[in-house]
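In the part that follows, the structures are each spelled out as structure tokens.
Heads up, the next two complexes both have chain A, just with different partners, chain B and then chain C.
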Partner chain A sequence: MATLDVRGVRKTYGRTTALHGLDFEVGSGEFFVILGPSGAGKTTTLKSVAGLVDIDAGQVSIGGRDMTGVEPYHRNVGMAFESYALYPQKTVSQNLASPLSSGRTGSYSEAQQKERIDAVTTTLGINHLLDRFPRELSNGQRQRTALGRVLVRPADIYLLDEPLSHLDAKLRASMRAELKTLGSMSDTTTLYVTHDYQEALALGDRIAVLRDGQLVQVDTPEEIWKRPADTFVARALGQPEMNLVDAIVDDGRVRFASGLAEFPAPPSLDLTTGQRVRLGLRPRELMVGSENVGHDWLDIPGKVLLSERLGRHVELDVEAGSDQLIAVSGSDHAPREGDAVTLQIHLPNVHIFDAADAADTDTARIGSATGDRPATREQETR
Partner chain B sequence: MAELMPGQKRLTPGAVISDIALVGWFVFALFPLLWMLLLAMKTPAEQTTTYFAFSPTLENFVTVLTQRGTDLTSVDFKSALLTSVINCGGAVIVSLLIGIPAAYAAGRWKFKGSEDLMFNMLSFRFAPELMVIVPLFVIYNEVGLFDTKAGMIWVLQLVTMPLVVWILRSYFQDLPEDLEQAALLDGYTRRRAFVMVALPLVRPGIAAAALLAFIFAWNNYVFPLILADTNASTVTVAITKFLGGGGQAYYNLTAAAALIGALPPLVLALSIQRYLVRGLSFGAVKS
Partner chain C sequence: MTAANTIDRPEARALVLDKLRKVYQTRGRPSFEAVKGIDMHIEPGELVALLGPSGCGKTTTLRMIAGLETVTSGEIRIGDQSVGDLPPGKRNVGVGFESYALYPPLNIRENLAYGLRARKVADADQLVDQLAERLEMRELLDLRPASLSSGQKQRVALARALIRRPPVLLLDEPLGHLDASARNRVRRELKLLQREFGYTTIVVTHDQLEALSLADRMAVMNGGIIQQLGTPDEIFDDPANQFVADFVGEPSINLFPGKVARDNGNVIVRVGDGTLIPAATGLSEGTDVVVGLRPQDCVTSGPADLRGEVAVFEDFLEFGQATVKISEVEKPMVVQTPAEETYRPGDEIAISAPAERIYLFDTTTGDRLR
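Coming up: the complex of A and B.
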């Protein structure tokens, strides 16, 4: 168990920069999730901590000790690779015994090794596969073996690179629930990399959102969900993705560009007349119907273009003037295609972002429609 | 048209022509071998005839392996055979000992001049041996390596080392780096990660490279011809001596010697055949 301190870590591969000076701290025993799309630099971050890539600038400290120039085998970290990296010529149990017999993770007698391997493989549900070779395993079994090779040993820090990505949906959900309850996991500082926002929200004590080698926001899951620093973070969380609607500030009111809806501009946000903004509306927070009355509800009239039934829920594509909104409704009494509907959203759930020149440019969050305090972005994007 | 059984081919004119062409090529390619076999079993009286009918004898093989210092020939073929095994075996072992770590380094790390170094090594293969033979001859005479087995092992590195390094480098490059990195994090040093993880996985490559290097060294003619005499001379040189060099040419003995000389590489190839399979690293990483 140890703290991890990453300061100004930069890494370039030839002309491309993988990491633009990362700064974050992970507390002792904390479960810290790095969330980001592929190519954001997640794996490079893990390998920088492990000492497997030579960083160009910055410093990694584990337990307060500067790790510059320290070989990977002296760092006392365990890592599960996204590619599994199981030794093909060794059986599952030999793979798991490997970190125990190197002599650098403590010394274990034959019996102690067996005991540890049995405990881990039982937890992971692979104890019937001990004599198999990696080529004889399914991808899910390989992934659990790779995870087992990490958990079987004590370490200052566990580095887990997408450890659940190749499991089938059911197993993934149950492993996600189990992962945090694993004894060794709850005791050990863990750096966990994923592109799955649900995993991040469910597992992380804190989440760092990574984009193009830069941290966009580091916060608790609740804060990240409620106060995303910018449209990138907001869109990374939630399925379907957050709706973004252009709006303009006019005479103390924020009005949709389509003119279909408006609400009073929250005074605490210092919006000026004529300022263009973007509004973020999460599909699951948009309700169909008009039963909610009150000044803190926003009504948006529209017409259903497409209705897609997804089991318990129905996903609606609603045309509201020039905007196309996605809403999720319960499957009972769901409107049909062509119906005119009213979408309602609670004003505290409306996020206000800076306007963007192009639709795919990410902009910072100003606040919520009720004047909630703005979250700060970690770094300005280039 | 009737249903074809699995594996049955539809008889089209194109298929027939290509089959005939293949058989023709096969006969053309194998005929010299057959001719050599026939020649090796002929008596001196019959050696220049082109008849396929003759009284076959194994006498020539016995002569090649036993005769020494008779008027027939002064070639000590048996000791040349042994020298060849020592020279080529020694050359391959030295090449593996130095070449495997070199190939690993070249495959894993890019360092200043690493590509130049690799290209330089490859250039040993495309420069004709005759180009360097005169300076080598002078040097070997000066330092006392002329006609020594150590000298032959050394000079054969020009043949075997580039092969070993280039073949094994691509094997190491195909090996996912994650495997050795996992070993590092398991607490093993780079050397142990190499020995424990990388080396066993390139065993098929080592077998292939060693076999090829051995064959190339075995077939080398120019180096032993110029840089060796009685002490370190090899099979390739010995075979040609049966041609008489001005005296009577024993084509039948030459053929018998060539056949015997082709056996060791063949035996080696058969004995390491089971290592020459790829796909050993299957299942290591997700594909």
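Coming up: the complex of A and C.
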């Protein structure tokens, strides 16, 4: 268990810059998640910490010790890759024993080995499989065994690269819950990389959102959710994605470009007349309304184009003037296609972002419709 | 026929499967019955999803309708015509298979327009543009097939099937290779296009969410048999058996053992040291049952019908998910909780559920008990 300090880490592959100077610190015992789409530089970050790639600039320190020039072997990190690395000719228990008998991080007696293997396999729910060979295991069991191989050996930091990505949705959910137990039981510092926002929310003490080799925001799950630094972060969390709607500030009010809804411009945000903005509305916070819910709610009239059943919920595709909004409703009294509806959202849940020239450009968050404090983007604070 | 500006809406036709069977005979091996006599009547313009695990017979069924697989027995009718003996090209079905061949030397635009040009459709280019826009593939039009990723190929295959405006459209896992957010958008667009043009459509998928969200009706298949055919609401809210209840829904339905008892003449089910009150009435005392309770249907603010201790709590901010150890029940239970509730491991939790959401199944056949 140790702290991890990443300072100005830069990595280029030929002409491509994979990491543009990353800065973050992970506290001792912290479960730190890096969330980003494929190609964002997540795996390169892990490899930089592990010493598996040579960084072009910056510094990685583990437990306060500068790792520059330290071989991966001597960094005392345990790393699990996306693919399962298991010895096919060894049983599960032999696979788990091999990191302990390598002598690399101290020597363990038979009894100590057994004790550690027991503890890890019990947590991972594979203690009944100890005598099986990898070929006799299901995908999920293999993934757990591979994870077990990492966790069985004490390390200063665990580095986990999308350990659940090969599992089907249902197995992934149950493994995620197990990892959570494991995370709270072990106090080993963990750096965990994923593209799945639910994993990030469920597991992370803090989450770092990575895009194109740059950190966009580092914060607790709740902060990231409530005060996303920009539209990229806002859209990276939540399924269906946050709706973005064009609006303009006029006469002290923020008015939808469609003209269908408006609310008073919060004074603390210093919006100026004529300023174009974008509003962010999360689908699950858009209620299908009854009338008169209160003065701090926003009403948006529209028509249901599509109604899609998704388990216990119904996803509604609502046409509101020139906007198309996705809303999520309970399945019991869901409106039908073609119905006129009023979507309602509580004003504190409405996010205000800078306007964008193109729909796919990401812009910073200014604040909420009730003037909640602005978020800061990592790049700008530097 | 005069060349119209746009192609007319196809005349949607009904598609009927009558006792359709497929038996594979391989010399030296026992025969394998992949599809065991299925019946389905698909209305003109309706979208039906065939959902099931791999090997359930869904793709074989689709291939028989397309004419890519011979029919062992039974009948396929499109409109009032029996098509089982027609070659694939004469059946008037549009097929969007993933591996559907594209002409390698032609770019995507030419590939899509090819069939239209052959039929002398005016404004073929404009039509290609419109469709490409809606399927988010405009930037692909000038590329050649070899340079596409699997997700892009899939969109092209879908566009190619749609653009012919066939009366019957068959799609095999049309969205499988797209990433999550593109999949949601393309799925909605596919559904809107299907509505607009009125294709009678069958979509094969193993993804239960895709089936629920796309289909007017869905057939859940397993072992070459249709386990249940119904609207998404019927399948989700009123599953016919344990297989359907377990296959549809995420997170999975909780299944645990229970025993039927009577309390003042009312049917109750004992689970561990707790008691649930189901809507089912026709059960005799002492019957062992499998109880099914969906994580989304668990109520944490009502009576303590089941008592448990939270082992894991995951906060997704829009809702939470607790893994709960119910006293005297071996398997942990997954419970979805409202956004405003948070738990810590070790917390006690009380669980109840609306009577009509407590599903009971036969312990041997898996049939629903009502």
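In this section, the second predicted complex is superposed on the first by the 358 of 382 C-alpha atoms of A that agree within 3 Å, B and C clash if a C-alpha of one lies under 4 Å from a C-alpha of the other, contacts with A are read in each partner's own complex, and residues count from 1 in each chain.
Basically, a contact is a pair of C-beta atoms (placed from the backbone, for glycine too) under 8 Å apart; a residue touches a chain by one contact, two chains touch by 3 or more.
None of the values given here were measured: they were computed from a predicted structure.
K.L.:
Is A:Ser98 touching anything from chain B or chain C once the two structures are fitted on A? First, second, both or neither.
P.N.:
So A:Ser98 only meets chain B here.
K.L.:
A:Ala177 in the overlay: touching chain B, chain C, both, or neither? Say first, second, both or neither.
P.N.:
Only chain C is touched by A:Ala177; chain B is not.
K.L.:
Is A:Arg253 touching the first partner chain B, the second partner chain C, both, or neither of them?
P.N.:
A:Arg253 contacts neither chain B nor chain C.
K.L.:
Determine, under the contact definition given at the top, whether A:Arg142 touches first (chain B), second (chain C), both, or neither.
P.N.:
first
K.L.:
Looking at A:Lys114, would you say it contacts chain B, chain C, both, or neither? Reply first, second, both or neither.
P.N.:
Neither: A:Lys114 stays clear of chain B and chain C.
K.L.:
Per the contact definition in the header, classify A:Tyr84: touching chain B only (first), chain C only (second), both, or neither.
P.N.:
The first partner, chain B, only.
K.L.:
Across the two complexes, what residues of chain A are contacted by chain B and by chain C?
P.N.:
Correct list for chain A: none, the interfaces share no residue.
K.L.:
Using the touch definition from the top, list the residues of chain A that touch chain B in their complex.
P.N.:
Contact set of chain A toward chain B: 47, 50, 52, 71-73, 75, 77-79, 81, 83-89, 98-99, 102-105, 133-137, 139, 142, 149, 153, 166.
K.L.:
Touching residues of chain A toward chain C in the complex: what are they?
P.N.:
Going by the criterion above, the answer is residues 169-170, 173, 176-178, 180-181, 184, 198, 201-202, 221-222, 225, 235, 238-241, 282, 284, 305-306, 308-312, 315, 317, 331.
K.L.:
Per the contact definition, I'd like the list of chain B residues that touch chain A in the complex.
P.N.:
The touching residues are 176, 178-179, 181-189, 192, 197, 200-201, 280-286.
K.L.:
Could you pull out which chain C residues touch chain A in their complex?
P.N.:
Of all residues in chain C, those touching chain A are 180-181, 184, 187-188, 191-192, 209, 212-214, 232-233, 236-237, 249-252, 294, 296-297, 311-312, 314-318, 321, 323, 334, 345.
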